[in-house]
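Letters A, B, C, D, E and F mark the chains in the order given here, with residues in each chain numbered from 1 onward.
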């Protein structure tokens, strides 16, 4: 399972990279979103998958839990990704509004001579 | 076989039938010709399938774990409430966005009512 | 204590005071303050002569950064005394001269501030015993020289000259600093005296020669030795007092001081000998050769300074061989070159100072210093003429002027060095006297040019800015004093020799000075069997011929067209440097995010994948893996398909939809991995993000089909796959390289420790509550930021499409 | 038996999800995709219920409810986008 | 253009009610079962989002006259502020205190400072999400 | 009272939050910001002193013993940087008072500045690698907003590149943490270090360290500085100065911290790589610095050169070199901020961006011009200004370690620094005066105050180097002996 999920995140990374290398800002933003999925899957995989129970202490005595720490990290990371996505979306929206283009090639900026 | 086991089986069978429904509606989603017919598959049978599964799960959990889950009940109510609404909304949106009806469609009763008035509606995003 | 330290600091304090006192049009000239300071310093330093002559030295230390061995240590011995006297003495005269030279409308406050700063810095250079402090003052001289050259900063040429001198001397300074650091690495001390004591055992150190070369680099740039001399002629854009002071008498001699000071360290080494002598002698030749072709009097003097500095430098080189032998009569024999060097150093300051001032007077009075426009001034400016005559003849090496004495000694030394048995002098060394002799002929020629073409010949009033008149007496005082010195030294050279130069010899050759008196009797007459005399006579004869008949040999200069000089190399480097660096930088800083990302990803692939392959860390096994059920297979495969099809999505909405699918899919995976909190968060965040996308996308254009060349797309694809593959392979290896148990088991007691049954939640709110707190702050910043970015608009809002 | 049935159902849901995903990908119209997304949402909800049973945990029941709610919100926003472009109107115009 | 939203609005009212209940539940359940401040905040925010989508900005703004930026700030203030409480008791920053109390009828009740912390988190999340969505949509 | 060491981060945060409520009262906002920053400076100074006298301080959040909780660790290195960063922020804020404009002040400008500082200080202080990531994000998000605040075309254009590249680097950071966690199962940096020394730095760990190298290279602008020239040119002067002073320094700090505390076993791979990168950065930065006539570009490339220079110290890994790097870091934070402020002010008063379109400014603004001259010398490492001692020590370290190529590059680069700035000085400050006295825009008092303060600091750092020497030596000692840090965190 770990291997499979790692490969899945690898595929996500590939897709994300391809999108990031696009001209349109929208694709780039989407690429970052996919990147964050990949990172989250990677982190949870690195903690080991399905090695125990849901990390909630019940009344019954369960000995093994899955690693809760990566889960906490991912939670933090998800929220941060959300914040970042919101900001970059806003910026690209404002950029489009002000500069009239979402094409990165047209966003090179004036050449410094 | 005591009662609880039987009820457990009932639950599981409900789940199973639900899953069949879901499967069939998925097939329907693929095979139907246009969005309007597909929405039938999606909203009607799929909803039914989900409701059955959830009910089954509820029953099963009640029996096997002795735990009546309010959340699951709420979920059932929720799906029951919303699934038709979303189906309705999608179809309406589709119609307003002028998604073509399938060729086999015989009559478009709403044509004059809606499209007649508003040509300004955006032709955007339709594929 | 530390009066010596204060000698260095007082000029700086004065420099600080001057702007405070300076008022335009005040009754007292602002120049009086610095002149007072300079003269008192000079007199104070004079009081040291007896002690120094008796072999005493003075050492004072003030702590600055003792942790790194950097202390403000001053050391006064014979060598530094010569320089200190020159600095303060010539300084006094120059300030006096400048009071009359510069108009009251100039920014005199600045001028004297810089000048005082320079004086302090220069005193610091010659008095510091600590390498780092020496370096500090060394750079300060460069800076004050820069400021003084660009005193008339409105002129483009001044600025260019200043830039050139700053760049060259500073580069030299940086090199020298590295050299110092290497010396420190070799010896472990920053004090020159201690280095001199320790170094004999360490000459085999691997850094010894690099340190020497770097140090010489600093010295040569500062003393305008070939090929770094190019800044000096351009530095002549400075006001003439500055040229007289910095660029002939003092600052340019700092390099010479450095060579002299470090002769005990490096002297006796073949490399040192050859570089110092060789570069010096060639500079001597090249400077004099170039001087002859100059038409600007100051440029001519600048080249002459270059040439004379080369001469002094070469003598120090020749003298240094004495250290190769240890103590013997033979070694003492060679030290005479050093004696001559020190002697000429003083002489040069006197006659060159006088000449500069005289030229300054001419410039000041008639408004030009182009010798093609000058001539016949002798009748109008007799005193200036006399001064120039004395200065030029001394420079040409004619009696009865002090230049004659040191020139003779120079010739003698050049002849003597050919007898040296080491360093392969027997072959190449024979060139030394020959080059010296040829160079002296050119020296003679340009000396004649200075005095005769300016003051004799036809008077061309129509070509002058102003009709010629003798200058006010105030401006003449300083050059007259210097000219007087030229004569006095000729007649009483041994006073100088015994009281000033002899102690300095002891500083240059500390190991020999303990054994024998290194003083030399300076003779005005060596007798007819002295080869040096015949060389001088030859110089004069051939010089007169060359001067009289320039046509027959001037064609030689066509062979050395101006464009070939190092000067044009410098200009070329500056110009082309800018162009090509712009081309280079523009070639990768395209401003296109895609290129940048491409670089970053390529870097990542190269570094990580490269290291991965090289270290062979590949480690792959699925034995520890959890089981995969059919359902999970289906989900994972579906997710992969969904992800890949985003690439082919034709509309942005489809892409967002697929991204949503991915998000929900990931949530489902989280469920499968028993992470309910994650699944919850992921679901909600995914939805909110989707809404956000939709809200924002309404305003954004429909996405265009990515058009690109096949090749570009292929590159993208290859890079993407490589990134994905690198990422995956390392991740797989990392998973199978589990070295330690997780710390997370600790958290399983969360109920006892933190009172919560949901372990993830207790981690979030308690164990790692700080992360959560900061995360809230991150969110807050994002929220506020979005608000601010949206609300704050530059200029008029609207969707005007403008491309910049 | 129960186990087998549950797993079979789960797989069926998996297949259903995969099939629905195909509809999301091939479209052809946007409403098609939205519809399918909505359907994937409810299918996942059901799958979650089964997984909960299989894992014998109550921990995912919240997820079921939340997912159901949010799939609904997603669908509404998509339909509104398709219909009007603007998801959140400044002011109602009726 | 008039779009008949009656069905949607009716359902929404009910749904929002469910969501709010759920959010409150998640908030309090968080320490012992899935949920917690973050999730509660997000769910709560999604309720607002739903309202904004189904109705319109002005209606909701009039109904709930809150400055969400300030709510977010207040939340962050609470979250950070609980940390500062540590200065009063001279314990390490962010030390959370909890204890169990036996209360008649309710049985064991846990009181903890985490709740304040989590409340801050919730408020911040709601405030931020709504601010973001509103800011962008307002800017037509 | 170990809680003190959270204050350099927590105080700016809480002030930033309070300022949100005081949105309409700009004067109050300014006052609170200044008071808060002054307090933070005081606390940082106190922390530095106590670390020096009593050893490394640490604060376990929530009282959880390391490695289980998050903790802040203040050693001399971080304390020094916190102190200087806060001072620089204060001065840039003072500049902002009279330059940033009411509109931006009304848009929570001071909150963002406070948050930025909080992120920076937090990054310096944290002892947990994931917390470092979170701190980075705080700093980055604040910087995203600050860079785009104002909404000028150039800002928007450059901010997109800046944000995307930083997102990528943060992503790499997460990936690195994941790799690390998979192998070691812990997040506490000291604990990581301890585990690695137990197990040895396996090849895979080295590769993981290279992932971190990529991350910090991106953040600090070590060779991967593509985002830097553009984004430092875009924002308002005060913000650009803050960026110039702080942002890359955090990357440099993290690089130094991670590669001295954690991955110091395989120096022939990791530190060689850093050395090569530093050398390449010096070369490319030097070339870039002389390539353009746009003042802000020149200044931005100077930042890059400094990054290369400081990391030479890390590459050679000797006590002297670290001391030099630390001195140079302090110097660079101060001098670069001043440089950015001056460059921005030049553009403001002339309305031109290229130095060949300005001329003779020194007549109109003498003090201003001389400060530019001084900062130029200081950056070139001319004694006795602040850049000198750092340069000397890095040079000593490089010689000691035998890295002569790096040594040469580092010193040659200072010539380029000098030349690039000298061109500005010669062309814009000297030359014919273009602006008549009537047309000249007066320099505001606040500007001169901030310039003056920074200039004084440069002198203090240069002439008073001895005063800082014990702290710097202590910091470098901790860097050279990671066990000191580990012991302070884990074994007491």
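Criterion: contacts are C-beta pairs under 8 Å (C-beta built on N, C-alpha and C of every residue); 3 or more make two chains touch, one makes a residue touch a chain.
Please read all numbers here as calculations on a predicted model, not as lab measurements.
A.B. asks: Supply the minimal count of touching-chain steps required to go from chain A to chain F.
C.D. replies: The fewest touching-chain steps linking chain A to chain F number 1.
A.B. asks: Comparing the two chain pairs, does D-E have more C-beta contacts than B-D, or is it the other way round?
C.D. replies: B-D
A.B. asks: Comparing centres built from CA atoms, which chain ends up most distant from chain A?
C.D. replies: C
A.B. asks: Taking CA centroids for every chain, report which one is farthest away from chain E.
C.D. replies: The most remote chain is C.
A.B. asks: Most central chain by CA mean?
C.D. replies: F
A.B. asks: Report the inter-centroid distance (CA atoms only) between chain C and chain D in whole Å.
C.D. replies: Computed from C-alpha means, the inter-chain centre distance equals 70 Å.
A.B. asks: How many Å are there between the centre of chain A and the centre of chain E, using C-alpha atoms for each centre?
C.D. replies: Centre separation, chain A to chain E: 24 Å.
A.B. asks: Determine the centre-to-centre distance between chain E and chain F, using the mean Cα coordinates as centres, and give it in whole Å.
C.D. replies: 37
A.B. asks: In angstrom, rounded to a whole number, how far apart do the mean CA points of chain C and chain F lie?
C.D. replies: 26
A.B. asks: On chain A, where are the residues touching two or more other chains?
C.D. replies: 20, 25, 28, 42, 45-47, 53-54, 56-57, 69, 75-76, 79-80, 83-84, 86-87, 89-94, 98-99, 104, 107, 109, 112-113, in rising order.
A.B. asks: Could you list which residues of chain B touch at least two other chains?
C.D. replies: 71, 74, 78, 82, 85, 89, 124-125, 127
A.B. asks: List, in ascending order, every residue of chain F touching at least 2 other chains.
C.D. replies: 13, 17, 20, 61-62, 130, 134, 137, 141, 144-145, 148, 151, 153-154, 157, 160-161, 164, 168, 175, 178-179, 182, 187, 230, 291-292, in rising order.
A.B. asks: Chain C touches which residues of chain E in the complex?
C.D. replies: Those in contact with chain C are residues 26, 30-39, 42-43, 45-46, 49, 53, 68-69, 72-73, 75-76, 79-80, 83, 93-94, 96, 98-100, 110, 112, 114, 117-118, 120-121, 124-125, 127-129, 131-133, 135-140.
A.B. asks: For chain A, which residues count as touching chain F in their complex?
C.D. replies: 20, 25, 28, 32, 35-36, 39, 42-43, 45-47, 69-70, 73, 76-77, 80, 83-84, 87-88, 91-92, 94-95, 98-99, 104, 107, 109, 112-113
A.B. asks: Chain E touches which residues of chain D in the complex?
C.D. replies: 58-60, 62-63, 65-66, 69-70, 72-73, 76-77, 80, 83-84, 86-94
A.B. asks: Using the touch definition from the top, list the residues of chain A that touch chain E in their complex.
C.D. replies: On the chain A side, the touching residues are 56-57, 75, 79, 83, 86, 89-90, 93.
A.B. asks: Which residues of chain D touch chain C in their complex?
C.D. replies: Contact set of chain D toward chain C: 7, 10-11, 13-15, 17-18, 21, 24-25, 27, 30, 33-34, 37, 40-41, 44, 47-48, 51, 55, 57, 59-60, 62-63, 66-67, 70-71, 73-74, 77-78, 81-82, 85-88.
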